[in-house]
Structure formats: C-alpha cells, structure tokens
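Order of writing sets the labels: A, B and C. Residues in every chain begin at 1.
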Amino acid sequence: MNPVATPFFFYGLAAIMIIGGVLVITRKNAVHSALALISTLLAQAGLYLMLYAPFVAGVQIILYAGGIMVLFLFVIMLINIDRSMKERQFNKQWLIGIVAAALLGGLFISVYTKGKSLFPDGRVTFVESGNTQAIASLLYDPHTGMYMFAFEIASLLLLVAIIGAVVMAKKRI
Amino acid sequence: MDALTNISTLHYLVVGAALFLLGVIGVLTRRNVVIVLMSIELILNAVNLNLVAFSRYWQGLHGPTALHGQVFAIFVITDAAAEAAVGLGILIAFFRNKETVNVDEVNLLKW
Amino acid sequence: MGWLVDYITSYLKTTDKTPGAAGNIFWAFVYIVAVFLGLSVAVIAMNWLERKILAHMQVRLGPMRVGPHGLLQPIADALKLLLKEDIMPAEADGFVFWMAPLIVVLAAFTVFVVVPFGPTHAITDMNIGILFMLGVSSLSVLGIVTAGWASNSHYPMMGALRSSAQMISYEVAMGLAVVSVILMTSLNDTGTGTLSMIGIVQAQFAQHTWFVFKFFPLGLVAFFIFAVAMVAETNRAPFDLPEAESELTAGFHTEYSGFRWSLFFLAEYSAMIAVSSIAVTLWLGGWLRPFPNLLNGPTWDLVFSLFPGVTFLFFAAICFYNTARMPKHPLFKIQTIGLAGFGAVLGLIGLILFVPPVRDRVGDIFWFCSKVAAFMYLYIWYRGTFPRYRFDQLMKVGWKVLLPISLAVLVLTAIAGFVEAPFKEWLHQVL
C-alpha cells in the first residue's frame, strides 16, 4: 500500500509551516502571530501523521493547538496591547541577530549536505498497528518500559509549573 | 528529481531546521515578549519534528515498537506547556508593574 | 474504466474495514458526503424540535404557521439568515472576523470523521479515535476567543473570555471521565486497551456490558460527569451564561449577523451531536442493540431488526392523526395536504425499512441515531427546566466538584479493574 500523494502532502504541509513561521515573527499584531502559529502547529500535526506518529499528532492538537495557544490568546487579550502595535517592532540589534541566524543556517546546510548519505530512504515494510500501545509499552510496561521515571518527573514538573503560574499571576501573594 | 519526490528523513530535517532558524530570528529580533515566547514555541516544535523524524528512521532499523523519539517528543510537548504557562505568568506579573510588553524596556538592573 | 468499477466494487467485497482503513478514497468520500448531509438534516430537525418541544414544555404551541405544525420553519429561518445584511463592525479586524466562524465550524464538523455508526460504518477508524475527537473539539475554543476579540466590542469580548474559560475548565473533567472508560476497555485477555472508537464499542460487546453499568456505580458516575461536562462544553443551558440573551446580549456572537451567525449556530448543534455521540459510543454501547449478548439468536435479532420500520410507521401514524385533527377550513387545505404528504413519506421510509436486505444493514445506524436522539431530547429538556448557573458557580462546579469526583472515579476504576479477576475467582471458590 504505497502512499501515492506523499510528496504533494509533504510539500503542502511544509509550505504552510514555513509561511506560518514567517508570519509569526513578522506580524505587528500579536493575535495574527498567534493565529499563524496555530496554523503551523496544525500543519505539524499533519506531518506527524505522515511520519506514522498518530499519538504524537493527537497530543500536539489537544495540548499545543488546543491548550497552549488558548493560553497565549487569553494572555494577549488580557494584556490588551493595542498601544504596542504602534511602537517599533524590531529591537536595536536586529542585524546581529540575523547574522547569527544566518551563520547557524550555514552550519545546518553544511551538516546536512555532508551527512546526506547517512539517511537512506528506508521505506519501512511492516504493518502499522497499535502506535498508542507501543508508546504505552515504552512508558509503562514493567519489562520493556524505560521512561517511567521521566514520566513521573514530568508530572512533578507540571505540578511545579501550575503552582508557579498561579503564584506569578496572583495580585496579592 | 527523484531526491525531491522521494520523501526521506532528510526532508523532514530540513523543514525542522528552517523552522528552527525562523524561531531563532524571532527570539533575537522582536521586542514584544509574547512574540518572543511564540518564537520559542517554534523552536521547540522544530526540535519535535526532528525527534519524530528520527524515531521513524530508528523504527525502520529496530522494529515496530522502537518509538523512543516519539516518547521524547511527548515529553517535550509537556515541557513546552509548563514553560509557556510559567513564562506567561511572569509576563503578566511584569506587565502589572511596568505597563509595557517590550523586552528592551526590562532594564531596571542596567547600569 | 474497468479499474474504476473494480476500485468501487472492491470495497463492497471487504466486510470488516471502514473506507479509511481500507484506503478506498471513493467510498470514504461517499461516507463523508453522507455524514455531512445527515448532519445538516439533523441540525435542521433539531432547530424545529427544540422550538416545538420547548414550547410544549412551556404550555404553548411554538411555530404553527409556516408549514403544517411549523415543519417548514427551519427552512424559513435559513432563508432569512442567508438574505440578511452582512454587518462588520468598524475597527474590527477583517480577516480574523471572517476566520472565526470558519474555525468553529471546521472543528465541529471534522470531529465526525471517526464517529462510528456501525462496525464498519465510519469514515475511518483511527488508532487514536477518542483522542482525536477530544482534541479537535477543543479547537473550537480558539474560534470563540478570536470571534470575541475580532468584534472589537465589550460584550463579545467578555462573552468570549467567559465562554472559553468555561469550555476549557470542563474539558478537564470530560477528559478524565473518558480515561476511566479507556481503562475499562483494557479488561480483556491481552490486557491492552484501545483508544479507537470502534474498538471501545467492541470491548463493550466482548465484556457483555455497556460501560455505563460496569463496576456499578463507577461507570454511572463517570457517565454522569461526562453528561454534565458535555452540556457545559457546548455552552448550553444550564451553562449558557456567556451567550444568554438576557445576560450578555448574546455574548461572543453579538456582532455576527446573517450567514456568519448561522455558521455559529450550525457549529453549536454539530458540537452537541458530536459530544453526544462520544457519550453514546463510550458508555451506552454505540451501535449495539439492547441486550446483544443476553438475548441473542435469530428470533431476537429479527424482533430487534423490526424496530426501525416500526418507529417510522409510528411517526407516520402521528402525522396522519394530526392530519385528521386539522381544522376543516379551506385556508388550511395546503397545510393538511402537506402534513398528509409528510406522513406518507415517513410511512414509505418505514415500509422500505421492513425489506430484509435493508433491514439487516440499517439496524446499527438506527440504534446509534436513536441513542443520540435521546441525548438531544435531554439537551432540550435541560434548557426548558433548569435555571442558569452564575459564572462563579459554574467555575466552582467545574473545578471543585467535577474534577475531584472524576479523579476519584478514575482511581477507583483502576483499582476495580485490578481486583476484578482475583475477585471473580474468589467468588467462584466461595459459591
């Protein structure tokens, strides 16, 4: 069952992601940036589906697009920064920033062109089944699971973040 | 032409690198704190894309249940949620004091 | 052209896969169109039903003028909304104002990709079915927040913030109630549960019990939590403070008129049907007829397969009875003929549903739709009965009441699932 339209979907989703990313960093209006970021995140969920990672795609939609971006939009609306749309948008060291990013881009290009032979396009040939079950066995299974400790630490991290956010945003501690 | 239509791991890595660069430019050049935080989310998403692409490659080598990259990506998403919450909390606390959302006006400790 | 016919008929020969799982694009498209049309008809029917049932609960008649007993009222409403002037507030952000109803409608309709009307009657069966449904329905919060912001006005902004705060609060309780059901699906031989919607209904069939009755009262409490949270999630009474007319002048969709408002309306009813189908699939056995394991066998199958036809004939009988009760005035002639015609159509559908080939295939869809229809009636009943929650009471219920109860149900369900097998062995030894 060779997927037929894979390059079409890949280039379309990648284009949405890149254009969304460009819009995020160039828009004056923070709500427009947030909407562009939402489109980037949803396109990325599509790319995860193409990489046969449906659980990560579902988590991306429900947590990132449906949770974190709602948080961003809430804060943008509570802060109500109409005044900041009329100010200067880019800071004084924008040129150095772009030069640094260009150097980083050069590093990426050199690494990827030199290492192109490391990634042969291996087409996986086994039947896809039970992605969620496989992730769960890596997390929870007593015999094959190796990320249980990291899972507990992540839940502790979330608890600390909840307490921190509540304390930070309170008016009187 | 075949290299362009045959989507391999490298294609995903290049997209991830491009997104990472956009995020870095956003962090380094924008004044608005909320947009800087959103650029950080772009960076984390680029890293996630790399992780999941490599997980697919590793799965091809080591069997259908070798999904370590995907597990790592889930942890990164969890981490990004926690960081966004705390970052926005700090932003609200600072906005309440200084009435501004520009990064370069956070200069109380400047000599 | 031969390959096209082969492609179309090859799916008809496979009997155990949804079109998405079988990779058949043509039949997936046919299913998508069928679900879309069915949903549109359901929303139109809900509009009429809501007005009539609310009216009868309030001892009045509701719309009676437009068609016989107001049956054409939704069509008149749709025409009015399409022809109304499209107002956009000045200083409103044009692009975001236009995009917001689009986001809400897309989120409300995309959810139906995984809703199972039968063991193979779904558009596709994703591995992450229920996670996909919860995730995409949480995208509608984004549409509401941007709708309120883009209107550039106080009432919509406050309505949007309140509405979205309410929705994200009750999503947590919904998610935890769903997780306790997923725990119940893992009580099989392999010890592996499933997130796929079709898998959850098949787990209920394999465990011989609807999950609402499993580990009594845990399944029932989880169902109750979900039933309350889903009403709050869709901003319906008694949780409709953000959009009630007397409170915030229609909340986040104040500034929307005409077609854009009808998109919000469509999205709201579709979201209602979507979360009801989640509740039906997870707790009430999805497409399973009552007592599929207890009363099995060909005769019981035959008895239960007569239900769809009997239901439609019952509705046709009601139509004919009301036709006989119509006033015998010449001005009512068209309405009488219309109502008799409607009754004849319903009777014809009922008779078609008695034909054996149709009867065997339509049973699953009928049971699923009738259970969802029961939930729709409950929605209308809540609207007619309960007073509205104040916003702080609403948030208190969401965070301080539903969340601890759902956490407790989750822990107790896990414990019950763990001790179920040893407990049954012990019972066998004792008895």
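The definition used in the following text is that contacts are C-beta pairs under 8 Å (C-beta built on N, C-alpha and C of every residue); 3 or more make two chains touch, one makes a residue touch a chain.
Not measured: the values here are computed from a predicted model.
Both subunit A and subunit C are touched by no common chain. Counting C-beta pairs in contact, the chain pair with the largest number is A-B. Centroids built from CA atoms put subunit C at 31 Å from subunit A. Averaged C-alpha coordinates put the centre of subunit B at 36 Å from the centre of subunit C. The distance from the centre of subunit A to the centre of subunit B, each centre being the mean of the chain's C-alpha atoms, comes to 5 Å. Shared interface positions of subunit C, i.e. residues touching 2 or more other chains, are not present.
Within subunit A, residues 55, 59, 67, 129, 131 each touch two or more of the remaining chains. Residues 4-15, 17-26, 28-32, 34-35, 37-39, 41-42, 45, 48-49, 52-53, 55-57, 59-61, 63-65, 67-68, 70-71, 73-75, 77-86, 88-93, 95-96, 100-104 of subunit B are the ones touching subunit A in the complex.
Those residues of subunit A lying in contact with subunit B across their complex are 6-7, 10, 14, 17-18, 21-22, 24-25, 27, 30, 33-34, 37, 40-41, 44, 47-48, 50-53, 55-56, 59-60, 63-64, 67-68, 71-72, 75-76, 78-79, 81, 84, 87-94, 96-98, 100-101, 104-105, 108, 112, 116, 119-124, 126, 128-129, 131, 134-135, 137-139, 144, 147, 150, 154, 157-158, 160-162, 164-169, 171.
Within the complex formed with subunit C, the subunit A residues making contact are 1, 29, 31-32, 35, 38, 54-55, 57-59, 61-62, 65-67, 69-70, 73-74, 77, 129-133.
Within the complex formed with subunit A, the subunit C residues making contact are 23, 93, 95-96, 99, 126-128, 131-132, 134-136, 138-139, 141-142, 145-146, 149, 157, 161, 164, 168, 192, 194-195.
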